[in-house]
Each structure stands twice: as structure tokens, then as C-alpha cells.
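Listed next: structures, encoded as C-alpha cells.
Two complexes are shown next, each including chain A; its partner changes from chain B in the first to chain C in the second.
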Partner chain A sequence: MWDGIIIGGGLAGLLAGIRASERGKRILIISEGVGSLTYSSGALDFGDVEQLQNREKHPYALLGEAPVRAGMDYLQMLFPNYQGTWGVTQDLLTPLGSPRKASLVPSGQNAEALQDAQQIVLMAPEGMKDFFPELIKTNLEKAYPQCIVYIHPFRVSAFESWYALGKSVTGMEYARYWQSKPGLEALKRVLYCMTQIFFPNQESIKNKKSVIIFPGLAATFSDPLKEVLSKAGLPVIEMTSFPPSASGHNLYCALKQKFKSLGGELLAGTGVQRIESQGKLCGKAIVRSKGRFTAFSARSFILATGGIFGGGIEVTAEAAQETVLGLPLYVPAEWTKSEFLGEQPYARMGIEVDSELRPINSRDKEVIFENLRVVGRMLAHWDPWSENCGGGVSLATGWFAGEKL
Partner chain B sequence: MTEYQVVIVGGGATGVGILRDLSMRGISALLLEQGDLAHGTSSRFHGLLHSGARYAVKDPESATECIEENYILKRIAPHCISDTGGWFVQTQEDTPDYVEQWIEACAKAHIPTHEISPSAAYMKEPLLSKNVLRVFEVPDATVDGFKIVWANAKSARHYGGQYKTYHQVQRVVVEKERVVGVVTKNLLNGEEFMVHCDIVVNAAGAWASQIAGSIGIPLDVICDKGTLLAFNQRLFQRVINRLRPSGDGDIFVPHETITILGTTSQFVASAQENNPQEEEVKKLLSIGGHLLPGITKHRVIRAFSGVRPLHREDHDVTAVNEEEGRNVSRSFALIDHEIQEGVQGFISIVGGKFTTYRLMAEKVSDWAAAKLGNATPCRTATEDLLPEIPEYLQKKAAQLLPCAPVGKMLERLQEDAESVLMEIQRDPRKGQMLCECEMVSVAEVEKAAADVDTHHLADIRRKTRLGMGTCQGAFCTYRALPLLWQKKEKYDALQDELRDFLNQRWKGIRPILWGQQLRETELTRAIYASILQVGEN
Partner chain C sequence: MSFVQEKAENLDACIKCSACTAMCPVAAVNPLFPGPKILGPDAERFRLEGLQLGTTLLNYCSKCKTCEITCPSGVKVTEMITRAQEDAQMSGAGKTLQLRVRDHLLGRAEYLGKLATIWPNLTNALLRVPLFRKFLEQILGISSEAPLPAYKQKFKGSGPGRQSKKQVVFFPGCFVTYNDALTGQAIIKVLEHNGFEVIVPPFHCCGTPLEGNGLVREAKEIVQKNLALMSPYTQAGVPVITGCTSCGLALREYPSPAMSGAEHHELQTYDLFEFLWELHERNELREDFKEIQISLGYHASCHLKAQGIGTPSVRLLRLIPGVQVVDLDQGCCGLSGSYGFKKEKYVTAMQIGNPLFNRVRRGAANGEFQTVTTECGGCQVQISHGSGLKTEHPVWVLMQAYGLN
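Let's look at the complex of A and B:
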């Protein structure tokens, strides 16, 4: 008998698992996929919390401010390399080199140093996929008009055979390489060569405030990498990348590792077929693996199956369905609007819950299962893309569910 | 003083067909198109090259035209056509009486039909409904509307014909009951100017009544909207028709890796009303399910609508209902406004269908040539639309690109592939697939972006198929940005190009937003709204 079973191992599920494990609970996470952090930038958005709290039924409104703050603090406590201050946003760069804001930013991505920089050297790894140095340079010059931007193209011998074939190297592959032993040495050489060209002596570094921008690099969770970068003598800013992203992936890996180090168990690669329940209590999660059905019992459950993108909600031409328990879904009558990146009602589809995140019937507001909490993208009445609060809702609800379990 | 002998209004298949035909006869001609070539009905249909069997019972004249043109186009434009063959399938719900009538009518129109047993049919098309009673093979084929229009334009240019895109004709200019030219507006810079000519050909399709209306001539073009669905797989190997009087949702047309299901029919007030609606999609799926059981399990990537410009000669039609769209003849009409309204040198070509575009062009060109005293005969039925792709290019392409994109690229670019291949040879990185769904290389998109008649990301899409595959632009839109940026003097700000393009793609996704395409949408919104923060700036 587990204290808690969490269905889904993305950001919200893992955070809930970590918090509950830390509180001494025996937790099993059953995760069919690998979450969607690898598709994210690695930075976490909270959106305009105050405004969203006033939006009826929004997860922030249900929880109130304290759990949202707690979610933010908790992630920073787990990973001190994530920077953020309540009510203040951090600067970082999009993959196109334009500035953006986010609430919690891996330290390496923090672009504050650009505010008063005078020189920028944009590192341009040969053949890097989805990376457009000339366009980035233009965007940087527009955003930081006081700066001169130089592009520094370079290549590394490890990928010579790829270059020769015209095969691109993804940011993920570069980032992984830099973390390897030969990669670390190569990085030292690359940085050294760059310094020789742009800053031949110490004077030239001091005279002008200079900043290095580096794509395809994710140093936040790697001490050896951070050490190499610190020796560059100049601030190095990582760019966020077009998916898949090493920074997002690293956060995912770090969360998983944290969960396991606290004694949590992760069953990966298989989903929960259904839940056996009695009355208002969930009892067993039935898992199908290697052709056999296995039942796992727990006192409490958390549903963190990632909504539409994660596979927790399946929509066919005829109907929408919550895939594990068949919970009732809020489905907006109007489905879409014409401006693609604006408000899209479909995105607010999800499970309606009470202030304890337990699923409720929309008609009588009665709790359906007393020992089940719903977190993250499975919740109704929010849209990460028009409200910019994907990280915030996942952290707040994940933390809350882990705290209450 | 005249600058051109003929001005053609409209850059669909008929318009470019006329441009080519006239140019081949040595008649100087300019084509004016308000958008990009093929942006209208010529790219918004199921891509069926009719055998004529569909019209055999109801409209024998059309049927005969179709079968003749079918053979001609297969001969002169093989690179635009996939000779898949087609089946007419009678299900248990379809009346046997009609079948006999149909067989006889096909024979009369010289459309070969060949019956095959249902069991043999299932071997070849395993997804086909098991409720099939009889199956007949006909020489249907599939045709790429974009390719054929571009091929005509390219060939016309080779013969000296000219065209201007994003040039809207404001009005036809008549002096002493005689056409002297048109006033056109360059929609990209707002400049208006007059083009002098002896003859104006109105080939504006669904927009034709506006052109005629500019000099007070009434032209009854019925706008009949047809909605279609694109499935993410090639579900059938050949065209599958339902053997019954034509109705909604009764044809599947495979194209490369996708399948198109068509078509609805609904009268609309104007050619602009081409937004596919949810109800139309539902109707298509429910009827299409008779031929393809479990139809909703197959991923739909997009819905799209075109507006058929149907012609009806009587002007006094008041009540029109949906069913009537199918009863108006699909044949075409050539209207000499000198005979009808006493305006010399003005002709409208209305109605017809894609399969007969060449024949329509021939008739118009014959008329224009006669007026101009040009006795050169039409050669479009015999002369290849484009020259064969030289063998050395095929070899070179096979060396430089993965095998799947080779054929696609050569068919799109023909001899222009040479410059793309040279570029890839010079810089192998440009051989990477910028659009992974449709397999379009960086070098090819770069070439399309630099083309003189490319002005928007959507123009690149029509030339290359960028953004038309499974991801519907999620990845390739981003990857095309630096290429647009390199030619930034030509394009709108990147932000606007990107937003317009995504909204255009969205238009076709909205009515089919479920399943995997809904997940794709979440990813696309994550990329552009969150990671790239496009909505913000």
C-alpha cells in the first residue's frame, strides 16, 4: 500500500511527488510519457498572478496566493540555480534573440547583464539546427541599441563528419557534448579562441562591458560547465532554444533525480489503464505492462496526466474524455477564435475542482473522489498560452497536492 | 497606343492557360491577378483529374470534354499528374438502376469502364467498406493544381507572356463601345495605373461578375462553396467515387502522402466566403464513413473550402437552394460581350472545371486570335507543358538529397532545380529539410523566397508546399523566418508575416480541432506564444 500514487510524471506530477516524499510519504509515480518540459524553454512563467486570481475558477483563484508563492519558493529551494522574486520578472532571450520575461529563470539564462552591456559576442556553433545568428544579431541590436554585436562562428572537431555531410547538429546535441569530458575541454578552447579574437588583453575586457551569448548550452545543472564558463572572465548568457530544449530537459531530469533521491519510485513507460474505486474513494491503479495487468493500491491519488498535449484528455470528432477515470470535463461551448495566438476557449477545457483540487460535479459542485487531487494542465479554466502561467499553475498545484497528500 | 494585345484578368488555371496559349501563338498578353497565382479555386479543390464518369449521366457534354482533356493532360503534363486510376463503388445504399444507366452513359461518352469483383477490390484497397456491391475502374487520375498553374505560367513566360500578381483590376476601360484597357492597382504599394490593350479576357472565376460589373455588364456567376478534408495518410491508392448521383462527401482522392475527401456544395454570396465550417466537416465525415468505415479514427490535418464559379445563363433566378449547385452544368460558357451588350473586345469565360482548363483556354484563345487576325493554330494539346527533366539533373539530385524529396523537388522546379542543386553542392547545409513534413530543402525555400513574384510566406507555401503537411507550420514557419529576413525589403515585418501565416493555417484547423491535430495545436501555441513570445512584441 502506497501513501500516494501520482499518475503522470511531468512538472506538476514530479513536484507533487517530491514534496510528498520530502514529507515522508511513500510515493509511486506512474508515468506513461516523459512530460513536456523538454518542449519548453526551461524558464517558468507565472503570468500576472494578481489579475488571474480574479478570474473566476482559475486555478490561482481556487488556491489563493499562498500556494502560488509556495510553489515558486519551493522550486528555488530545490534548485537554487533557478532565480526569481515574487512580483518581479527576469530578463531572458528567445531563440530569435529578442528579449522576453519569465518568473523563474535558470541562472545561466538570465539576461540582465545585457541592460548595460556595450559589446555582445554571439557564439555561433557551426551547423546548429534552428539557430539563425544573423537574425538574432538584428534583434539584439534592436533591443539593445547601445551594443555592438559580433557573431563568432566556430566549429568543434567532434562534429566535423556531421558538418561535412551538411547534417545539422541540434542544440540538444551540442548541450550534451559540452557536458562530456572532451566537450568541456573543447569548450575551454572555444572560449579561449573567442577571447583571443575579441579581447586580446585584460584591458579590452575591462574597458567595455562585454557579454557572451551562447546558444545550445545548458549549464544550470552542471558544476563543471559552470566552472569552465566562470573562467571566461565575462558573463555568459545561454539562449533559450526552439524545441527540443536542453534546458527544459535538464529541469525534467533534475526533478526526476530529486524525486528518486527522496525515496520515490518511478514506474515509467506505462500508463494507468483505469482506477478501481469504491464510493468516493479511489483504491487501486491498474497498470498494463508486458501484457499483464498489475494493481497498485494507495491511500491517495494525484492526477497529473498533462491535459491535451500530455494525453490525459483525448478529444475525438465526437467527444472529449479524461483518459484514466473518465472524470467529467468542462468543455466550452465555443471551441475556437480566429486569432491563433489570442484567447482560445478550447484551451480552458479540463477538470473542475474544489479549493482542495478534488474533482467536482459541475451541477451540484459535489466532490467526486475524496482522495484524488487534480493538478497542472488537467485543470479547467486556464490557458498557459494566452495567460503565460504554465509554470506557475503546474508548480502551485503540484506543490499544493504534494503538501496535502 | 496599346501595350498588349490582350489583358487576361485572373491567375487561376484558366487564366494562365490562356496566357500560355496566346503566347504560343505570338500574341502579346499580360495576366493580372489580385493575389498569388492559384490562390483561389484552382488550388481549393480535390485535385481530381476527371475521367468524365462523374458527369456521364447528368451532363454528357461535360463528360466527353473531360475524357478528352484527361487523355491530353496525362500526355502533356505527366509531372503534374499521378495516373492512379479511379473506382466507382456501389454500396448497399445505392440504387442498382443508376448503375445500369451510368454504364451506358459512360460507354456513350467513350469513357472506358471495367468491372472488378469486390473481393479483388479489397485486396487492393483494404480500408474500403465491406458493404460494396460493385466496383468499376475508370481512367480518373489526380492532379496537382499548384504545379499545373505554375507550369503554365512558366511556359507562358518562356514564350513571352507576362503576368503580375497582387495586381487587382479596378475596372475595364471602354471608349466608344470598345475596350481600350484596364485600370489596375498594385496591392503591395497601392499604385494605380492603366494598361492599354485591344482585348480584355475576364477569367476571374468566382470574381468574374465583379470585373464585368465594373462596366455595368451583368454576369451571372453562382458562387458554390465546396469544403474538403485532408487526411494525414494515403488511405487509398486510387480515386474512390461513390457510384450514385453526385452528392456531398462521395469522393476520396489520394495525393502523395495524404488523402482528400470531398466535397460539399453550398451557395454563398461571394468568393470571399471560403471558411470551412464545422457542420460541413461533420457532414463530410458522416457520408465519407460509408466508403471508409472508422473514418473518424484517421487523422485529419485540415479542412479547406473553394468557391466554384458556376454559370447559369438565365438571369432571373431568385430562389436557389443547396441541391441546385450540383444541377447547374459544369460545362463552361464563353460570353462575347459584343454580341450580348455591344462592347467590343471584351469576353468572359465562366463555369467549367479544372480538368477542362486547357480546352477553355483554347476556345478563348481561338476567339481572341480571330479578332486579332492571327491565324496561328493552337498547339497546347500536343506540345508538352514543360520539357523533360534532363537526366543529369536527376542524377545530381539523387546524389545531393535523400531519395524521397528528390522526385518532389524535381517535379516542382523542373529545370530550375539546377540552381537549387548547385547551391546545395556549394553548401551542403542547404540540403537540410526545412519543411520536414513535405520534405522541402532550405535551398528550395530560399529560392522561392527570392523569386520576384513571391511577396508573402503564403506564396512560398503555394510554390513549395511548406507548412501544408502534418505540422501545419509549427516548425517550418519558424525556419522560414531567416530566409524572409534576408529579403526583408520584400516582405512585411516578420512579426506580421508570421502572425498572418499562422492565422491562415489556423483557419483550416479550427473546424477539425480534435485528436492529434489538437495536440499539435497545443505544441504550436506553446512554440509561438510562449517560447518565441510572438504575441507579446
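Let's look at the complex of A and C:
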């Protein structure tokens, strides 16, 4: 018998698992894959909390401000290298080199230094996948017109066989290499060569405010890497990347490691087929093990299976269905709008809950399961794209569910 | 659903996110390997049109199944690659004579074991002669540096053990039978201690080494032989238990015997610790454990992860007073059955295992744990080889806690 079973091992599920384990609960997380953090930039958006709190049925409105703040503080407490201040957003760079804002940012991605920079050196690792230095240069020049942007192409001997084969190196592969012992040494050499070219003497560093932009690098969870970068003598800004992303992946690994170190168990690679319940209480999660179902009993459950992308909601041409318990979903009358990048109503699809995050019937608002809480993307009435609050809702609801379990 | 349709649907489930390749231990260290996404779902489109890849690239897949566990969309990547190997084999593409002979030998762990255990001391002495190992490398392509496990006196089952109405069948597997009879006896003692009569029919190899070496037809034949030996017991509802995670995964993937009548016949095979945990959940496990002051680093083998049952040994060992378990969580050890024994793959296998070896060395050096434990015999051999730290099956901790050794 577990104290809690969490279905789904993404940002919200893992955070709930960490908080509950920290409170001494025995927790099992059952996760279909590795969650979608590996597709994310690693930076976390909270959106305009004050405004969203007033939006009827929005998760922020259900919880109120305190849990949203607590979610933000808690992540920073777990990982002090994540920086953020309530109500203040920071600049970071998209994979195309244009600036954007986010609330909680891995320290290396903070791009504030570009505001008063005069000179930018864009590091351009040979053969890096989905990396377009010329385009980035153009975007940087547009966003920071006071800057001169130089591109510094370089090769890394460890990847010579990749180059020879014409095989591209993903940002994740570069990022992983820089964290290794030979990688750290290579990085020192790469930075040294760059300095020799652009800043041959101390004067040239002092005279102009210069910044290095480095794609395929994720130093947040690596102290040796941070040390090498701190000795560069100039601010080094990491870029976010297209999926799969090293920063998002590192956040996933750090959360997973934290959860396991608190005694939690993570069962990854398979999903929950159904939940056995009695009346208003969930009792057992029936897991699709290889060749047979395995039953795991718990006192409380958290549903963190993600939305349509995460597989928690299955959509066909006719209907949308919650995949584990068949819970009723809020489904907007009109699913899509013609403007491709505009707001899309289907994004608000999800489970309606009460202020304790328990699923409710839309008709009479009656709680369906007393010991089940719904967190993260699976909740109804919010849109991570138009409201920029994906990380915030996951952290706030995850923290809250972990606190209450 | 027809087979072809299912195949196509599983293929369409791939959204090309590359999470599998990003997590693939082989792709991370070997640039020649295009990774699971390309060899699996990408190439599958061509295969459906009748275009085959040669086996050389396909054979670099170590069958660790990390891609399947990682995939957020449930694509059966390893399954696709295995099927493609099988098809390519039939079309005759691929291996040199030397590698064909080598793979026929390594696939037959059972015959090798029988031969080697006629006079185990002679075999071991021979395997320690560097010149002989060079000869094996030159003639058969078996790496002279690979940690070939020593052969022991053959495992002979339980002898006249305990008689009981509560019966279980024990599937020892080749590692216990030819390399580690003592662990086999320990498993029997633990089960007997819990009141079971342990039956050991003359099983053959589970078939995994054959499949891993591309001998899929031979694997299917051996599966039928084992099923025939198992069926009188499974029909009577006697569970089949194995302590080896690769055998365990194979048994879970065995075709379910066609049963007469409409009666639902559930799979009866269990991992040892999965079985013991279920006893614990039903309050049927003897828990008169002696306190043992020990801290262990635990490595979950890839084939345990692929079973989708979590890490039952960690749960169980944590019930023993004084036992501390640290989940190492560093991915694949690299050996993957006989993959790491092959001369062209030895280096790759060691590179794959490096993060794990480093973690083990670090943990042992800073006093986090004293020894390493993992169910898989192959992982035990590889971890000892790579890190120098003693690595044993977790049943030995239970033996000590029960006061049985």
C-alpha cells in the first residue's frame, strides 16, 4: 500500500512527488515515457498571474495566489540555480536568437547582459543540428541594434567522425560532451581560442561591453562547467534549443533524481490501464506490465497524465476522452480557429476541478473522487500558449497536490 | 486489428521528436550508429515498401529497450528493429562468415555452458590465458578484454528440498545454471524459507541470447520447448519464478499457450522480487529480518525496466532494518547480454557503461555505499569489470537478513 500514486512523470507529477516524499509519504510515480520536459527549453513561464487569477475557472483562480507563489519558491529552493522574482520576467534567447521573456530561468540562460552589450560573439559549433548562425545574427542585430555581432565557428575533435560522416550533432550531444572530463578541457581550449581572436588583451575586454552566446550548452546542473565558464572573463549566455533540449532534459533528470533520493519509486515506460475504485474512492492503479497487469494500491492518487500532447487526452474526429479514468472533460463547442498561430479553443480542454483540485461534474459540481487530484496540463480552462503560464500552472498545482496528499 | 494495420498505426504514433535517439546509449558513443529513430520508425517506412537495410547497422542496436521505455508515444522501436533484423537476415544481407559463426556461438549460451561446465576449472584456466583470448579474438571475434564470466559447477536444482502444497517453479536461466549456481540455490532457500516447494524442470535457455544474436528462428524453437516444460505447472496455476531480469522479460514475452475453452489464462511468470513483494502485500512474506547495517548502490537493469514492474527489490530490501539503498539511475551498463563481448563492440559497450562506472566509483569512494547490487548477471559482470566494485544479486541481502547463509 502506497501513500500516494502519481500517474504521469512530467513537471507537475514529479514536483508533486517530490513535495509529498519530502513530507514523509511513500510515493510511486507511474510514467508512460520521459514526460515532455525534454521538449521544453528548461525555462518556466508563469504568465500574468494577477490577470489570470481573475479569469473564471482558471487554475490560478481556483488556487489563489499563495500556491502559485509557493510553486515558484519551491522550485528555486530545490534548484537554487533557477532564478526568478515574483512578478518580474527575464530575457532569454529563443533558438532563433530573438529575445523572449520567462519567469523562472536557469541562470545560464539569462540574457539581461545583452541589454547594454556593444559586442556579441556567437559561438558556432560545427555541424550542430537545428542551429542557424546567420539567422540568429540577423535576429540579434534586430533586437540589439547597438551591438556588433560576430560569428565564431569552431570544431571539436571529439566529433570529427560525426563531421566526416556529414552527420549533424544535436545540441544535447554537445551539451553532454561539455559536461564530461575531456569536454571540460576542450571547452577551456575553445574559449581560450575565441578570446585570442576577439579579445587579444585585457584592454579589449574592458573597452567594450562584450557577451558570448553559446548554443548547445547547459551548465545549470554542472558545477565544474559553471566554473570553467566563470573563468571566461566575459558573460556567457546559453541559448534555448529546439527539441530535444539539453536544458529541459537536465531539469527532468534533476527532478527525477531528487524524487528518487527522497525514497520515491519511478516506474517508467508503461502506463496505467485503469483505476479500480469503490464509490468515491480510487483504490488500485492497474498497470500495463509486460505480459500481465500489475495492481498497485494507494490511499491517494494524483492524475498528471498531461493533455493531448502528453497522451492524457485522446482525441478522435468525434470526441475527446480522458484515457485513464474516463473522467468527464470540458470540451469547447468550437475546437479550432482559422488563424494558425492565434488562440485555439481546444487548448482549454481538460478536467474541471474544485478548489482542492478534485474532479467535479460540470452539472452539479459534485466531487467525483474524494482521493484524486488532477494537476498540470490535464486541467481545464487554461492555455499555455496564449497565456504563457505552462510552467506556472504545473508547478503551482503540482506543489499544491504534493502538499495536500 | 490486422498485423499490417497495427504496424502502420504504431509507426504513425512516432512524432519524430528524437527523444529515443537522445536517450540511446549506443548513439551517444558511436557516431556510426544512426540511432533508434532512424533505424526504427524512419526506416520502417521504407521497409513497408519492401526496401531492406543491411544488418550491419541494425546489429549495433544492443536491444537494451531504452528507446521503448523513453518514447512518450508508446512506439515499439526495439520491436521494429528486431523484426527488421530478422527480415534482413532472411534476405541474406549482412554478416561475414566469422561474425556469423561467432553469433551462432554466443547465441547458444546453453550449449557453451554445457561444454564449459564439463570441466569448469579447465575452461576458466583457458579463458585466463591471454594467448587463448587473442586466439578467440582473431578467430571468433570475441574481444580479448571482455569480462567473460567464469564457469562454475553446474546448477543442479534443489535436490530433495522442502515438500509443500504451496509450489513454485524456478526458471534458473543460463547465468545461474553455468556461472552462478550459488545464487540459484540462494533463491531456492529464500522461497523454501517462505514455505514453498521449489520445482526446477530441465529448462533450456530462455531464448534472449539467440534473439540478441539475430537467430530469431532458433529462439522461437527453444521457446516452444520451454513452454512445453512449463505448461503442466502453469495450467495447474503454479507460478514460474526467475531471478534473472532478461529471462524474466523473455518469459513475459512468450506467446501465451492456446488454452482450450474461453477461460482467461493469465501469464504466470514472475520476477523473484515482484513475487516476494506480492507476498508482502498479502501479508504472506516472512519478515523476521535480522538487522543488517549495509548500504547498497542499486542498478536497475534495462530488461527489468522493460518489464514495467518498477523496482520491487529496492522496495523489499528497504523493509530490512538497517539496509540503505541508493538507486544509481545511470542507465545501461553497456554489456547487453553478449553485445559487449564482441570485439567490434567492446569499446562501445565500455563507453556506454562509463557514467555508471563513474557513479559507482564515486559512491564507493565517498562512503555512500559499500557494494553494488543488481539482479542481472550480465550487469554484475560488467559493473565489476568497469568499476572494480563487488556486485551481487540482491537475494544475498535477503539471505543474510533471514540468517540463511
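The working rule: the second predicted complex is superposed on the first by the 405 of 405 C-alpha atoms of A that agree within 3 Å, B and C clash if a C-alpha of one lies under 4 Å from a C-alpha of the other, contacts with A are read in each partner's own complex, and residues count from 1 in each chain.
The rule is simple: a residue touches a chain if its C-beta (ideal position, glycine included) is under 8 Å from a C-beta of that chain, and two chains touch if they have at least 3 such contacts.
Since we're looking at a predicted model, the values are computed, not measured.
**Student:** Does the chain A-based superposition show chain B and chain C clashing or fitting?
**Tutor:** fit
**Student:** Touch test for A:Ser362: chain B only (first), chain C only (second), both, or neither?
**Tutor:** Neither partner.
**Student:** Which holds for A:Leu267: it touches chain B only (first), chain C only (second), both, or neither?
**Tutor:** Once the two structures are laid over each other on A, A:Leu267 reaches chain C alone.
**Student:** For A:Tyr39, select first, second, both or neither according to whether it touches chain B, chain C, the two together, or no partner.
**Tutor:** After superposing on A, A:Tyr39 lies in contact with both chain B and chain C.
**Student:** Of the two partner chains, chain B (first) and chain C (second), which one does A:Gln115 touch, if any: first, second, both, or neither?
**Tutor:** A:Gln115 sits against neither chain B nor chain C.
**Student:** Draw lines from the C-alpha centre of chain A to the C-alpha centres of chain B and chain C: what angle do they form, to the nearest 10°?
**Tutor:** In the superposed model, the angle at chain A is 90 degrees.
**Student:** First (chain B), second (chain C), both or neither: which does A:Met1 touch?
**Tutor:** After superposition on chain A, A:Met1 lies in contact with chain C alone.
**Student:** Kindly classify A:Lys290 by the partners it touches after superposition: chain B alone (first), chain C alone (second), both, or neither?
**Tutor:** second
**Student:** A:Pro244 contacts which: chain B (first), chain C (second), both, neither?
**Tutor:** second
**Student:** By the touch definition at the top of the document, which applies to A:Leu165: first (chain B), second (chain C), both, or neither?
**Tutor:** both
**Student:** For A:Leu28, select first, second, both or neither according to whether it touches chain B, chain C, the two together, or no partner.
**Tutor:** second
**Student:** Just how close are chain B and chain C at their nearest CA atoms in the overlay, in Å?
**Tutor:** Minimum C-alpha separation, chain B to chain C, in the superposed model is 6 Å.
**Student:** Go through chain A and flag every residue that touches chain B in one model and chain C in the other.
**Tutor:** 36, 39, 165, 167, 243, 311
**Student:** Touching chain A in the complex: which residues of chain C?
**Tutor:** Going by the criterion above, the answer is residues 17-19, 21-23, 28, 31-32, 34, 68-74, 249, 251-254, 256, 266-267, 269, 274, 281, 305-311, 314-315, 318, 326-327, 329.
**Student:** Flag every residue of chain A that touches chain C in the complex, lowest number first.
**Tutor:** So the residues of chain A in touch with chain C come to 1, 28, 32-36, 38-39, 159, 161-162, 165, 167, 170, 172-173, 176, 243-244, 249, 256-257, 260-261, 263, 265-271, 287-292, 294, 297, 310-311.
**Student:** Any idea which chain A residues touch chain B in the complex?
**Tutor:** 36, 39-41, 45, 94-96, 98, 100, 127, 129-130, 132, 134-135, 138, 164-168, 240, 242-243, 245, 307-309, 311, 314-318, 335-336, 338-342, 344, 346-347, 384-386, 388, 390
**Student:** Which residues of chain B touch chain A once you look at their complex with the stated criterion?
**Tutor:** 282, 285, 296, 424, 427-432, 478-479, 481-482, 485-486, 499, 502-503, 505-507, 510, 512-515, 518-519, 522-537
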